[in-house]
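Next, two complexes with subunit A in common: one pairs it with subunit B, the other with subunit C.
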Partner chain A sequence: MALQSLKNCLWLSCVLRTPKACFWSTASGGLIIQSVSNDVYQNLAVEDWIHDHMDLEKQHVLFLWRNSPAVVIGRHQNPWQECNLRLLRQKNIKLARRRSGGGTVYHDLGNINLTFFTTRKKYERMENLKLIVKALKALRPQLDVHVTDRYDILLDRQYKISGTAAKLGRTSAYHHCTLLCNADKFVLSSVLKSPYKGLKSNATPSVPALVKNLFEEDPSLTSEILLDAIAKEYAVQHQIDHHITLINPADETLLPGIGNKTKELQTWEWVYGKTPKFSISTCVNMTYKDSVVDVKVNMDLKHGRIEVCNIDLPEQWLPPGLYSELVKGLTGSKFCPNEATTLVTTLLRVCPQDDELHSRWNLLCENMIRLM
Partner chain B sequence: MAAPSGRPVPAAGGAEPGARPGARIRAQPGARGPARAAPQGPRAPGSPRRPRPAAIAASRRHRPRPPPAKMAWRALRRVGPVLAPRCPRLPLPPRGLAARRLGTSSLLQSARKFTDKHEWVSVENGIGTVGISDFAQEALGDVVYCSLPEVGTKLSKHDEFGALESVKAASELYSPLSGEVTEINAALADNPGLVNKSCYQDGWLIKMTVANPAELDELMTEDAYEKYIKSIED
Partner chain C sequence: VCIHRVRSCSSIRFIKSKYVCVFDKSALKFSHQQRLFRTSAVSCGQIVQFKLSDIGEGITEVTVKEWYVKEGDSVSQFDSICEVQSDKASVTITSRYDGIIRKLHYSIDDIAFVGKPLVDIEIDASKGVASEEDVVETPPMSHEEHTHQEIKGHKTLATPAVRRLAMENNIKLSEIVGTGKDNRILKEDILNYLAKQTGAILPPSPKAEIVPPLRKPEAVPAAPKDKARKIPVPVSRPIAFSGKDRTEPVTGFQKAMVKTMSAALKIPHFGYSDEVDLTQLVQLREELKPVAEMRGVKLSFMPFFIKAASLGLLQYPILNASLDENCQNVTYKASHNIGVAMDTEQGLIVPNVKNVQVCSVFDIAVELNRLQSLGSAGQLGTSDLTGGTFTLSNIGTIGGTYAKPVILPPEVAIGALGKIQVLPRFNGKGEVFKAQIMNVSWSADHRIIDGATMARFSNLWKSYLENPASMLLDLK
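== the complex of A and B ==
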């Protein structure tokens, strides 16, 4: 077993490093690889790497991967609009932005991801999804699954079990999709619900759908069984060995430059900074000493930073000097709770030791940070 | 674009301003407008000759034929006002100078050129307008979002300058030239579908300076692009 997997690794190393040279000596048609990592950033980086470096002219690739809990938004989406960022932070669920288009999805180990790499010319989403349906039906003929013209896969004609997104590059393309095997539906529905009000944006919106796990339909189905069935069908259709090669996305020798790609996907500038410009117009109701203070907040955000900041406070609720320092400090800063907390803590230090003032300040700042 | 009269004149690089592209590129409103009415001088093909006084007619018969360069310049000047009414009148070069001068004028104004990534660029007064071709917009499907660079961004030829998201996929945009972004099409923010409806006119993406005019000559003419897309479809 060890010898076989070593041989595979060497073969894969040859194929991935010098695909053109080795192609002629290996079987053509297709290659099936599976990531040993559950880190969403590493796995997205593998996609980027294959897309940028591999010659897919004669050999298509199927990449299989699963992630520990993460929310993945589309290239041109707004995370504030798409998910509950507060809840994500509380539950330590990662947020990633992928390079393909489409909507927001929740990943955990009960969800499998499939990426079909082809040349741009051979890009064909429907074929790929039909392959998945064929594999599912071969496994369990009684399953009522079909592909819609929105490129979703529905179970029992109403529950979405798979969503699709794609990227077209210079010469290559990839189509990736999810498949719900046994994901946590309760976490899924709570994290994909945005609590943020008053957002106005032209970012691409998600289309919410009722979801179901294949496991609920047939408890004997596991992620491993499903992965294997799909790999088998892919192998049949591409006339290759039904063989899955494992790859380690942290292997810089196998995938030179993968480290940088992984890092870039984790930067604030990519995840939040790539949000299309948007505005927030909302009213925050603060309860202070038996009365309610209505604070109108209007902000314009660009590249995830506050470009314009208007906070409509009742006159003299805060000393004007302190108020203007707050607005000045927020303008230009990241729309990010950590950065805002640092700012307000710093400003508070220069305030006089006045309990009343401090409690008003804290109340306002807490409410402002809750918007982020 | 059709000239009001005369045969199309091949310019430097083989462009044929008068040649009509094949049927594949769908005509966009305004992209190839109707030929303007010919001015007084040259007559439209097929129209009856105006009667000339006998003396003048005789002298024309005996006038020696001008050199080829001068003829080419004359033809170009007739075509000029149709292509770019705002283009300044170009002085006649001395005798003997050939196509090289036509290359210099391309920085001021050029017919639409295409990349193999299906972007187009047309230059006017040193500013290039960039968009995607009809073939590309059809292949993409309905565009739902345009991600464009900031004004002032410096681009090299082939640099990725943005992306279009359509119902089909997210697709990168590659700069056809080197230069600096001077303007982006703000209309696309609220109406990304303009890229589909009017890819050569209202659906333009960015405007940029042309840092290296020679790069224009490396791009495909409309004809060459037509042939190219026919070949990749086969």
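== the complex of A and C ==
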């Protein structure tokens, strides 16, 4: 215990580059840390913090973390294109946007995340992935795992068990990847299927792949065993103690400013607002009384907000005044069901109290909201 | 020739800047020269082509995904310029220079090439240029500052604007811990340092200061010189320095509020307030809370207030009505769909409990729980938010006693409930006792509702709550 706290203390004095003597001058080469939190936002914030504040010249860092159910999209992706947002909301699965590139992944406690922090100059993804494969083979020599040139790790030559992404800054860089130990494949496949039609965007698309859990290959493998094996291999390669330091991402003393980073990652402006420009062009069929009404919807979206809104309704289906109120109201609003619902229900207060009118309005609005 | 003049002027400025008033007076003598100096500096700024540096791993091209600057913006060294992506790696490109962006060579989604120009930056010649390598280095400044840093023994990263701010306030940069990238000192760091120094701006809060565990004395990221200082707790910034107006368009929730409130303004409101003694109700709720909890429901006071309101509306149905646009017809609504104002992160929403006239207090509690959890998750549906006929706003949970609520069209009445306070009151025998008092403020549409009706409704509502047993007589 005392040894660990001493190490924490020394690690920090080096980390913050205060003008005190650095006890790590005998460059140890590496540090392995593991998060005690399963909150995806907190863990992503730790990555940001280390990337922004740690001096990686003297030592590299391996960060181990796991999250409770969450979908994580890449920096330049479109959440509407990548996953089933309705299902996420229903199942209370969090949505996060990370700062690194790449595609969308589903995290739960059966998936482990590994982040390799180095200086920008020492950024080298292949080395890291080979380290993981070496650790896996050392653990279970019969495992058929190898690294592809797309930086995936495949099991039995066909199943993807790891995906990679990276972030490069001015002086530091990180490469993180997942490792499927025992994740819920059913939820994974249902949540990563987008129901939204008519989306056109230049956002980075995800490449779907066949996946398999390591647990399915060998039921004796657990997340803990795998984490430990990888840490051991990292320790060997960096010639350091096989010792994992636990960190609490909520500890503002240890990681000053982490609270703000965590908060920023949860804002709507980051998660949805950073979506590259895209457009929706679709046709909605509404059943009203005994007929079907076709509504053509065309919208341009920028920063997650409706920039241009075109709804083609049959003439006079709604009084023109009310129709223009709807379009005016939606323009500039967030492409978000909560905001849209508040807007449309409020607009209803100031229009004539006619039951027929109300039911048409509700039908149209509910269909519009379903697009979000 | 013009560059030479610029340099000599700048050194004069820095040496004299400590004595601000002296500088100002002497500025009068120099003013003409100063002005000339400024205009000539602008035209002397050289345009530098900032090339896309090596990404690593043998990558030669990337896709530009987002610009953080636009033409005409001024940037400081190390500010982020853009985000590019290459094969699952997202790279933040930072500026090597201080200056003004004059040209962006690519648009979003274009392919950019390593070694080719990314942006053109006009460098302010007096400020100097950073070295070619991406090493932690300070841009060349006046002599005085340079030696100042060397004496301290380490280099501090800060932009010229930040340095000036520190200098004007007699702060040594080495005393500040930077929170920017690579421990760079930002303007906020100087402001926070100042806030701690003055103390007068911020309330003293000895309890709020976190004492770090003794085992990590070196880990404290406060100014190393001051041993007495503990870990700073983030506090509000001193108002003196912020002062930049921010304009945002009115969208979403706010737009909806603007619409509703503008319409509400057309309604001639009158107010009526009263005080309600909830002593007996408080006791009753205490008894019933565990019963409700066993059924998995949180029981607040609202279900009682709502049910009592519905009983009152049965006697005074005009309060549950709606006036049409031309004020020609009054529609008496059969259902009592009582809205409950809710404060969410995004703003005010008013979901309603449908058909309170046929619900028990427990039914209302169940429905309220459902609406509250949906409301905080931002998942209320259109049916929950439409069809309301009468509204209660429990502003007392946040605070306050009296209010002047605004009627939500197409309704004609609304009640605002203040907080429950323990106050001394006289009982029938003339003795003082502890009473649980809550104020209610009603607003009603004076076009169809008169003061007497409102008063009688309020008295009836009040009597049900002051003597909950009487509700039993009239419960449907």
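In this section, the second predicted complex is superposed on the first by the 346 of 372 C-alpha atoms of A that agree within 3 Å, B and C clash if a C-alpha of one lies under 4 Å from a C-alpha of the other, contacts with A are read in each partner's own complex, and residues count from 1 in each chain.
The rule is simple: a contact is a pair of C-beta atoms (placed from the backbone, for glycine too) under 8 Å apart; a residue touches a chain by one contact, two chains touch by 3 or more.
Since this is a predicted model, take the numbers as computed values, not measurements.
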> Looking at the combined model built on subunit A, do subunit B and subunit C fit side by side or clash?
Replying inline: clash
> After lining up the shared chain so the two structures overlap, which partner does A:168 touch, if you call subunit B first and subunit C second: first, second, both or neither?
Replying inline: both
>> Quick check for you: in the superposed arrangement, does A:276 touch first (subunit B), second (subunit C), both or neither?
In response: both
> Touch check for A:76: first (subunit B), second (subunit C), both, or neither?
Replying inline: both
>> Output check: A:204 vs subunit B and subunit C. Expected answer is one of first, second, both, neither. What do you get?
In response: both
> Which of the two partners, first being subunit B and second being subunit C, lies in contact with A:308: first, second, both, or neither?
Replying inline: neither
>> Comparing subunit B against subunit C, which has contacts with more of the residues in subunit A?
In response: C
> In the superposed arrangement, which partner chain does A:357 touch: subunit B (first), subunit C (second), both, or neither?
Replying inline: neither
>> For A:100, using the defined touch cut-off, is the partner it touches subunit B, subunit C, both, or neither? Pick first, second, both or neither.
In response: both
> Where does A:341 make contact in the superposed view: on subunit B (first), on subunit C (second), on both, or on neither?
Replying inline: second
>> For the combined three-chain arrangement, which segment of subunit C clashes with subunit B: 57-65, 147-155 or 345-353?
In response: 57-65
>> Give me the intersection of subunit A's contacts with subunit B and its contacts with subunit C, in residue numbers.
In response: 74-76, 99-102, 121, 123, 125, 165-170, 173, 175, 202, 204, 276
> Of all residues in subunit A, which touch subunit B in the complex?
Replying inline: 74-76, 99-102, 121, 123, 125, 165-170, 173, 175, 202-204, 276
>> Looking at the complex, which residues from subunit C come into contact with subunit A?
In response: 55-57, 65-66, 78, 83, 85-92, 94, 108-109, 134, 136, 152-154, 174, 177, 179, 181-183, 210, 212, 215-221, 224, 231, 234, 249, 251-253, 255-257, 259-260, 263, 322, 324-325, 331, 346-347, 349, 377-383, 385-386, 408-410
> In the complex of these two chains, what residues of subunit A are touching subunit C?
Replying inline: 2, 5-6, 8-9, 12-13, 16-20, 52-53, 74-76, 89, 92, 99-103, 120-121, 123-125, 151, 164-171, 173, 175, 202, 204, 252-254, 256-257, 259, 274, 276-277, 305, 325, 329, 332-334, 336-339, 341-350, 352-353, 358, 362, 365-366, 369
> Hey, which residues of subunit B end up touching subunit A in the complex?
Replying inline: 117, 144-145, 147, 163, 165-166, 168-172, 174, 189-190, 232
